[in-house]
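The structures come next, written out as structure tokens.
Consider the two complexes below, in which chain A is the common component and chain B and chain C are the respective partners.
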Partner chain A sequence: MKHIVKIISLLVAISALWIGLLQTSLISPDYPLMLPVYLVVSLGCYGLLMVGVGLMQFPTCPQESMLLQQDIIEAKTFLRQKGVDIGSN
Partner chain B sequence: MDLADRVIGFLLSCISLSIFTYYTFWVIILPFVDSDHFIHKYFLPQGYAILIPVFAGVALLSFLCIFIGFVMLKSKKKKA
Partner chain C sequence: MGDEVTKKNKYSIIVPTYNERLNIALIVYLIFKHLKDVEFEVIIVDDGSPDGTQEIVKQLQQVYGEDRILLRARPKKLGLGTAYAHGLKHASGNFVVIMDADLSHHPKYLPAFIKKQIETGASIVTGTRYVKVGGVHGWTLMRKLTSRGANVLAQTLLWPGVSDLTGSFRLYRKSVLEDLINSCVSKGYVFQMEMIVRASRKGHHIEEVPITFVDRVYGSSKLGGSEIVEYLKGLLYLLFTT
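Our next item is the complex of A and B:
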């Protein structure tokens, strides 16, 4: 609940800044009209960058996978000794 | 597989950073440069700065819809 209040206040602040820029006509009026498109594009770039970084440092743990495979083999042999049907392999 | 993933991630990061830098230059900095400066040769007119992202967004959205439709069709066929 607190998080959404933060996000909404950020959005309100950004839109107030944008409307202020539109109203003051300090610079040419069609220039601040680009800012929402720019924000959307930069959000997309941020998402793409986060996906790329996440792919680059994807956490793998090969030792844990080896331990897991050993555990699986152990459990299968144990169950087979007890006479449980667990498939062919 | 691991190396390929790493290369793809690096390429994605590079693409996104270059798009961000180019678009920032195009939209934020270029209106403050004189219109007869030589740097204007490397950028399209200002109108394309809206048109291209809108077209890209529409294309992405339609591609996503087509993909979801294909997946739903496939899952329905598997169930039947």
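Our next item is the complex of A and C:
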């Protein structure tokens, strides 16, 4: 099953649930009527939140860049000894 | 998993290069430094780099042996996806590692990939930058933002089951990579995403190991402008075809 089909089925299921809710609603129908809007808004918020949290906790590795510099020096020394033409400095 | 224990594994490390004269020498040194008790070969797919990358590769062959370093050049720049396919044709190992030459993928993680594969019997081990012990260095806030946004979007829409979709530091069982590479058509970043999403849909066992990603020190990145548009198109394409 293509993934888009899964997503559409999910949306259809949610809509069915919503229509069911609208029809059987014991309380005033205004409340369930707004549900899809809430759903979209909360989905958007979830997305923004995930991006925000992800951004704040973005793992970084400044020490790695220093380690890499050491590795580069080590590699250059070795390669130069072996006569590999890696240029000066 | 039985065959992995009885038969000795061989790893073919495919490194595509375009103007990586200095980097290729450094990375080959680091690969040999970190892969001690493993049988492996390095396959360099160079697309006719004008900076003389191939001369350096030939010198490296003198140092490390022509059977350990294979130069499989192509006449002109034909793109990354086909470079992997080209390298794969010459791979003699039962496992294949794909990594960039620009040192953003550090060879010191290779043992972790191999260990993870042996422990879990996975068909694919993929490096992830988005976990605590992993990470990136040298990215601007903008790059982090697009990366996060792209990731959240892809996770929400595709449910891929892997945390880092666009990273390209990966170990594949050779037969699996051969099968995947033929079913993937995208270019650039989307290619990496397509590979892992299709693999996941096909039910292959995928494992992750944390890696760090230090933005390239030497040379310049060859990816330009309309990346975001391409990415969104790729996402849609994957929604409808996987």
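Rule of thumb we're sticking to: the second predicted complex is superposed on the first by the 63 of 89 C-alpha atoms of A that agree within 3 Å, B and C clash if a C-alpha of one lies under 4 Å from a C-alpha of the other, contacts with A are read in each partner's own complex, and residues count from 1 in each chain.
In the analysis below, a residue touches a chain if its C-beta (ideal position, glycine included) is under 8 Å from a C-beta of that chain, and two chains touch if they have at least 3 such contacts.
The model shown is predicted, which means the values in this text are computed figures rather than measured ones.
*Asks:* Touch test for A:41: chain B only (first), chain C only (second), both, or neither?
*Replies:* first
*Asks:* In the superposed model, which partner reaches more residues of chain A, chain B or chain C?
*Replies:* After superposition, C is the partner touching more of chain A.
*Asks:* Contacts for A:31 in the overlay, against chain B (first) and chain C (second): which applies, first, second, both or neither?
*Replies:* Touch partner of A:31: chain B, not chain C.
*Asks:* Which holds for A:65: it touches chain B only (first), chain C only (second), both, or neither?
*Replies:* Second partner only.
*Asks:* If we overlay the two complexes on their shared chain A, which of chain B and chain C does A:51 touch? Say first, second, both or neither.
*Replies:* So A:51 meets both chain B and chain C here.
*Asks:* Just which bits of chain A does chain B share with chain C as contact spots?
*Replies:* Of chain A, residues 51, 54-55, 58, 60 contact chain B in one complex and chain C in the other.
*Asks:* Within the complex, which stretch of chain A touches chain B?
*Replies:* That would be residues 27-28, 31, 34, 37-38, 40-42, 45-46, 48-49, 51-58, 60 of chain A.
*Asks:* Would you mind writing out the residues of chain B in touch with chain A in their complex?
*Replies:* 2, 5-6, 8-17, 19-20, 23-24, 27-28, 31, 46, 49-50, 53-54, 57
*Asks:* Going by the contact rule set out above, which residues of chain A touch chain C in the complex?
*Replies:* 2-4, 7, 47, 50-51, 54-55, 58-62, 64-65, 68-69, 71-72, 74-76, 78-79, 82-87
*Asks:* Write out the stretch or stretches of chain C touching chain A in their complex.
*Replies:* Against chain A, chain C makes touches at 21-22, 25-26, 29-30, 55-56, 59-60, 62-63, 103, 106, 129-139, 141, 144-145, 148-149, 151-153, 156-159, 201, 212-214, 217, 238-242.
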